Each structure stands twice: as structure tokens, then as C-alpha cells.
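Reviewing the structure listed below.
Residue numbering begins at 1 within each chain, and the chains themselves are lettered A, B, C and D in the order written.
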């Protein structure tokens, strides 16, 4: 029965066999999941965000649990762009689309990382993580200031013709404004949401639970906020949207498609269940089949408004 | 043992026997809880937000459940300011501090409601709900635009010398900026957070779960975001802060005090447990006693940073 | 009647005595409830969505409204019976609750059913989970006059508590959509037949079940000039009038709160086209 | 050894066969784990925080790391024993898990203990929950040379699995802070005594328990020029190297991942002052 469903989608020029990617920072460099399932059964992966040089990240504690969610402040830890290309990429199956995520503390450095990734044949697209504090603006995130975001997208867009996604920060007053900026500067798609800035306290010590103080909230707790932002963004721009936030099941993912996302990313769920991503993909296909959709792509943006009435 | 603890706090001129208030819209007009506990055992209540005329509110469905949270879009439903003063206030015990919450769609109307509440002896203070869409600015919330918020606070401040709290919207890029605006315009305190704007979908119908489409997310799911904003605001202003968001236990409440809140409000918890507010008050006192604090007020702002180090 | 029961509502952690599968996704929960102040037919309670457990869990978050199917006073309180259908997460978790575990109960809540006039025949129309709201009413109405209970389900096996109604010695008529028992069709068709019977002109109609069923029952009754009293099953967060989540629109404008003004309402007081 | 076990890690829903209170907040969980590929001493698994239950619940969210205390191969898989202390929400919910319920298991994970050289004496220092990581090591080390297990606790009743160690026929020394059994004081003092014994110069020290205990054990051993191998118990989200949540700083800079590079690490490879 599910055999009848065509699950393929195109995310801003990235052709995916199904709409399920894995979220940056939650899937390592991919090969860690090889023991659990055949990676080619999901749409693709977004690798851990890369910086120009290798980074060590924050001192522990780096993670904590919250109601239906978790907090993290890993820091910029990653192997660096060159080691990623040289050592990590070759470990991944040839048939698996790989999106390279980029973050940095200055626009020039973002652009440099993108340049180094631009030519690489194994990379299907770039995702610019705009939730990173801009050092020069005193820690404000690139994704929190339209003018800063515009400059960032403009500069990275210059470096490459390959599919370019911009991952937005949810810690903003109006996500639509940020989405329009990305579209205006030539991004091919938008990924949202990144984690919500949050804090929790250890009452035994009256210290933050994380060494870094503030952290990012993820998991099912934030899903309703993510759905709202994906829906708002989909109303504001024409470029495709990749929905992220608290997806644990196929049903969760379908909600994002219905709200206007062309594809989704599975994040925190990978920790609780290393087979989450492939099970989400199966769940989407099942829902489409049950509801009589021949193509998963036809589910995108099918949210029906209520009749207005008083 | 707990007898030794002094729980009294002063919230911007409102003297409270303990730091626990109930959050607007989650405690009705108060008397609904009389069967469950002696209302004078909590610090006070913030009544359902009032408008100039009675309002009917939204069509159902108005509520839905989310992971560790709930969504609501009740609309402006309330009995109106005059009926509140005439019919609801007299039902409350004399020893219970009552904060009247005000929301409207235009600044002039906010001011008018405040005028009508200004003289009323049974009212200990006002809370301005700034999370209300400003009709003239096309649905943007008062609390989402500094200049709009400034004008609102200025106008209501003119109407009365009584303690004035401003309840901020969490759907902003920088809560510190909004907190400074309130302080600058003469507010006596800040309440935060209100609900996070959110959306969920019913997959059987592919409609929003709420008739209104978007709704407000509350409950334990949002607590880490609320703690972050309370901490940020407490760093930005000197006026007292009333912490709100996902408080279910005394421990939860203490986290807000430690992050800089002078008092707290219990919201969604009242639904799961009609005795939540009084149990939170007891829990705060217990923690203070166990940790050797003679005064609950001494817990405020005791968050200890980690030693910085790499 | 409206104020009194709310005034005495309590919050208590009740002990599960039994939690039995009765087929067709139906289960019977027996709770030992200390200090239960007693309840009227049609009142309900809010139950924690599953057992309280070894540690607190905040998902699912909200309590679930359940009719007091039957209450037996006992020393220091009462034993409450809850008849429920396993339909989603909360009831699935309730279904997994073991004897000896605790469930949080807030109640009694809401306004119960008005009883028929002396001598007046009562027609009780029940379907789905709504059947559970009708048992105490059927028992009480017997003292006023003849009681006919009309129960509908997709199949005979889906019916809740049918033996209990039989044991009441009242007249029971059943409709199943698959024809597996009684009238093959909808229970509201049985209502039409009953109201067409000689001497039915004075009948009082009660209905509790899926909204479309209650709406249809009301249409049938009102068309024949009979009064129809319904008990609504809306989503609820609090159950005692403070969240305003359970509002249903009134024909004259404004809303009734199902948990406070209801769940029992006159069908004429509901704007059915806007009721979920 | 580092890669192989991870390569064979599986995710399976295991059946709870028993979940027994052993006093002092200690419990023993027996799990029937289909397809268990086998594990080396010191490896661990991620367990769902409580039973999978009748419906999904997302609070608490994260799995909990637990050492494979003992694994008995059986047809189609293995029976795993987990010895755990009830310390918070996840372990309280595990404690409430009934035989017959399911617990999700991801494992085997991490790098286990290197065994002593032939003839080398092994001193195993355990405290708190860390004792559970040492049983399989003690059993395996017997084939290499003399094994002395030093266990510490606040009181005798808090000790985990003590009879099992006795049954191994190895030498067991106990320290309790309240003096209720054995040496009255800290287990690291017992370590000092052992290392002062004649012929102890070749001893290999293993330690697993609270961070301060491991840190002290390492100081004691290294001061006498002995190698100390520890097994860390950090908070974890994933357990297989993808969240980077379990990082501990290395003296030379950078971090080791406890779940992937450990949990077993040379004490000299850890920057103790920055390890929670």
C-alpha cells in the first residue's frame, strides 16, 4: 500500500528521496548511525556545523534535561572544515545527500568556510547557521538583526552557486521579516527553527545547570513554537522551508509539511532513539498513503483554516 | 523549622505575605478556588485580564495539549472592568491582595480601564498585559515594539499612582530592551513571561487544533525560556520582576527567585492541581529553611556564575 | 444545584482498586476516594492522565474529564466507578494503571441532570463515552416515572455498561450500525420511533454522546415539541470554570462553560453548528 | 576495542524480568534482551527513563546510562543485569517498572576496561553507582592475577552487589564512613593501605564512583607511580558520540567523549578540576 507513495521532494535544489534530513549537531558526522540503520533510507543529513579551524567547545556540564526537552551549550566544537572534507565525508555512503552546516563569528570567516566547501562534489548543499553570536555586535546573533543577516547571506551567496539554506534563529520578534531577508538575498531555502535560548538552575548549587550559563532548548517542548514559525515563514516567502523542532514521529513531521515545510530535520529524537530519522520517514509515507496522497510533496502547505465566525 | 522563615516580599509597592501570586487568566476571579484552600495563604492573585466592555472571546476549540504544555486562544473573554469591580471583587477575602490585569486593543482604552480601577480600595495594583495585538498596527503586540510599549506605559502611568506592573510578551528578540522601556516610563515592576506564540495541527482534519489558529504556549515546557528572560531582565533593570512560566512546584518557583524574580505567578499548574499555588508557597518556604535562608527575599538574585575557564 | 456541588469539590489522590477490560476499548476503573462529598447524576471529575507514578511526569499534562459512572458511599468516603473508552494517550495511560496505584481526582464538578416530573417518561439516548453519564440518571429517574434507555454503538461489543442498565430493570433499546444487535442503524432513529409511540407527547429526552448524535437527538425532540437535555463532552483543562477552555456558544450570543454551567445543558441553549 | 563494540550497538525494546529492591536505594533490574551482541567489562547501555508504557510520554525525555553489570548469553540474545541506585526521576521511574513491561535499550556502548598483565595484581576501587561497572572486570581480571576489590559507602547497607563480589572468590575490602562495616573512613584510604603493602609496586588501579573518589584514587596511585584507570559517570544524552554532551577536558587541551572514548579512561587523561 505505501509502495504507491512518491516521497521525493526538492529542497531548494537539493533532491531528496524523502523529506527527512537529520538536524545539524544531533547526528554527528553521520557514520555514528551506520550500526542502527542504512543511512540511504533517509533523505539526507545536515552535518555538525563547521568552522574554519577546529574548535574545542565549552567546558562541562554541556547538557541538561528539561520538561519534554533538553538544554545544550556545546559551544563551537567541530573538527573544522578541512578535516570534515578530508576525513568525515568519505565515510558516508555515496547515495546519501549531505548538507554542510557552517557557522562562524564573523561574516568573512563564514564566507571562507563556504568557499572551501563550494567545490566539493560529495556536498549537496550548504546550511548557514545564523544562530551564532556575532562577536563584533557583542554577542547578538546574526539571525537576530535583519541588516546583519542580510550582509551574511549576501556574502555567502557570492561564494557559491550550490543550494544555499539559511538556518534562522527563533529568538526574534518577527520570523517573517528574517525569512524575507533571506529570500531577498538569494537564499534557496530556509531551515527553522534552531534552539530557543533558555536557562535552568541547579538548586543544590544555585548555579546554572550548564557551565555556559545560557543554553539552547530543543525537543518536543518547542514543537508548537517551531510549527508556528514555519507556518508564518511559509506565508511570507516563496522559497522552500525545512521544518525543525521536536520531531519524534512521522505524525510530528507531517504537521510541519502541512504548515508549509517542504522537508524536515530530526534532531534531539536521534538521542532517544537512534532509529528515529528512518522511522519518521516511514511514518510520513504511512500517513500520506492512509490519507490518499500519492505524493508526499502534495501534503506541503495543506493547512486548512477554520471558517471565520463569531 | 519552617516557622523561622520570613516569606514576605514587596513587589513594586505591593506588600505580599509570600511571593506566590496566581497568573492572570488561570485563576478565574479567585473565588473558584475557595473550595480548595484558604486564599489568604497565598501572596495574592492577578485576576483575569479586563477590558472596558465585557467580551465574549473566541469560538471553540480554545485549548489543546502539547508536550509538557498546553495551547490556548481564549480571546478577550472577561466580564468587563465595571462588573469585575461591582460583582467579583466583593467575593474575595479582605486579606488577599488583588492585582487587576488590564488589556485592550488601543492605548486610550487601556488608559480608560486603568482610570476605572485607579480609585478602587480593594485593588493592590495593576498589571498591564502588553501581549495584546494592537489593532492599528495590524495585530503586532504592544509588547513587541519598544516605541508602542513606551507610549502604552506612559499613558497608563499617568492614570494612577498605584503600583503598576507591566506584563511583557516573550515573543521578542531582546527582552532587556522591553524591560528598560518599562522602567524608563515609570513602571513599578515587570511580569514575565506571557505565553509563547505557537501552533499545533490536528492531523485528522489538517486544521489548527485551535479555532483561532495561533495560540499561546504555557506550562512546564516553557519554563527554561521564562527563566532565561527573567534572568536577562533582572540584569537590565532595577525594578522588581515577577517570574512566570511553567511553575508547578516550590523548587520551580525558587529557580525564578534565584534568577532575580522578587515574586512569582502560578498559571497552568492551577488546572492540573487546584492547590498548586499554596503548595508552591509551602515549597519555597521549605527550601529557604533547608538552605538556611531566614528571609525568602534573600534568595532573590542569588544565581552564582560558574568560574570562567577553558 | 449549580453552585452547591462546586462548593464542595475536593482534590484527592484516590487508590485504584480495579481497572478491568470490558471489551470494545471499554474499561471499568474502581477508585477508593477518601472524603468524597457525594455527587449528583451527570456530575463529573477530573482524573490525572494515568497513574501518579513513582516520580512526577509532565507529559501528558492535563487531567481528563470523566463522568462519575456510579458512586457507592463507604466509611470515610466513596468508591467511584469510572467507565471509559481507550481513545488516546491519557486513556491509554489510565488503561495501564495497576490496582494499588494512585490517580488524582478533582470533583465532584459541574451541574447534573434535572429529574423528570412525577409520572413523566424519560428517554435517555446514549452513545460512545456518553453512556457513562447516563447510568446514575437512569437509576434516579425510575422513582419519577417510566425510563427507557436507548443506546447506540457501531457494534454490540462497543456498548458500555449494558448489563448495569439491564440490572436497573428499566427498558433498554439498542441500535447498532452494523446490525449486530437490536435496531440496525442509528440510535436517534430509535428515538424517533419512541417519540412516535402513543402517549409519548409528554416525554422528556436526555442525550449524551458524540456531538452529531446529541445534535440530531435535539432536532428530533424539538421538531416534536419535546424538551431535550444534553450532557456535553468538550475538551477541558481545569474542569471548574477557570481556564475558559470548554466554552460552547449560546444561541443568544456569549458562551456557556461546559464544566461550570454544564456539562448538562438544555439542547436549546447550545449553538450546535459552532460546537466541536 | 574502541570501534568494534560501537559498530555492533543495537536498539531494542527489552522485557523486564525482575526489578528487585536490594536495600539502600539499590535495585537490581533483570532484562531479557533479544539479539544482544555481547559486551566487554566496563561497557554500558542507554536505558529509557522508565517503562515504555501504554502510550508515549516525553517527560523525562532522555535515556539514562547504566553499566552492564552482568550479561548472561541465552538463546537469541542475553539476560542483562543492571544494578542501579534510585537517585532522581529517571531511576525512580525505573524503580516503578513492573516485570513484563518493556524498557528501551541501546548498547553495548563505549570502551571497556583493559585487563591487567598476566600476574599483575588488580585493585578495583568502587563507590556509589560506580560499583556496578566493576563486577565484570573483577570476574575477568581473576584469570590474569590476584584481584582485590575495595568498596566504599556511607553505610554498609548502601553497598551495591556485595554478595556477588564475595561469590567471585576474590578478596573484598570494605570501607564505610559511619564505620558500620570494615574500615571506618574513605575507600581511598584503603587504597593507600593496599598500595603500601609489600609487593604492591606492580599493582594496577581501577576506580569507578563519584568524581571526588576517582580523583583521589588517581592522586594516590599516581603519587606512588602506579597507573590508575577510571570509568566516568557523566550526564549523557545519546551515549554513542553524537551530542557531544559528555565531554571531559583533556590535560593537553580538547575533550574526550566519555561515551565514545570512555567511559573507561586513564586517570592521567582527565583534567579533574574541570570534570563535574
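One rule holds in what follows: a residue touches a chain if its C-beta (ideal position, glycine included) is under 8 Å from a C-beta of that chain, and two chains touch if they have at least 3 such contacts.
All of these numbers come straight from a predicted model, not from anything done at the bench.
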{"item": "Joint neighbours of chain C and chain A, given as chain labels", "value": "B, D"}
{"item": "Centroid comparison with chain A (C-alpha atoms), farthest chain", "value": "C"}
{"item": "Dominant interface by contact count, named by its two chains", "value": "A-B"}
{"item": "For chain B paired with chain D, centre-to-centre distance based on mean C-alpha positions, whole Å", "value": "46"}
{"item": "Chain centre separation (chain A, chain D; CA means) in Å", "value": "35"}
{"item": "CA centroid of chain A to CA centroid of chain B, Å", "value": "33"}
{"item": "Chain C and chain D: spacing of chain centres that average the CA atoms, whole Å", "value": "53"}
{"item": "Per-residue multi-chain contacts in chain A, two or more chains", "value": "56, 59, 66-69, 219-221, 309"}
{"item": "Shared interface positions of chain C, touching two or more other chains", "value": "56, 58-60, 274"}
{"item": "Touch-based graph of the chains, sorted into line, ring, star, complete or other", "value": "complete"}
{"item": "Complex contact set, residues of chain A against chain C", "value": "67-68, 220, 309"}
{"item": "Of all residues in chain B, those that touch chain A in their complex", "value": "56, 59, 66-69, 71, 144, 171-174, 196-201, 203, 205-208, 211, 213-215, 217, 219-225, 227-228, 231, 246, 251, 254-255, 258-259, 287, 302-306, 309-310"}
{"item": "Residue numbers on chain A that touch chain D, as the complex places them", "value": "25-28, 32-36, 56-57, 59-70, 72, 74, 77, 219-221, 248, 268, 270-275"}
{"item": "List of chain C residues in touch with chain A within their complex", "value": "58-59, 274"}
{"item": "Footprint of chain C on chain D - complex, ascending", "value": "50, 53-60, 88-90, 92-93, 95-96, 98"}
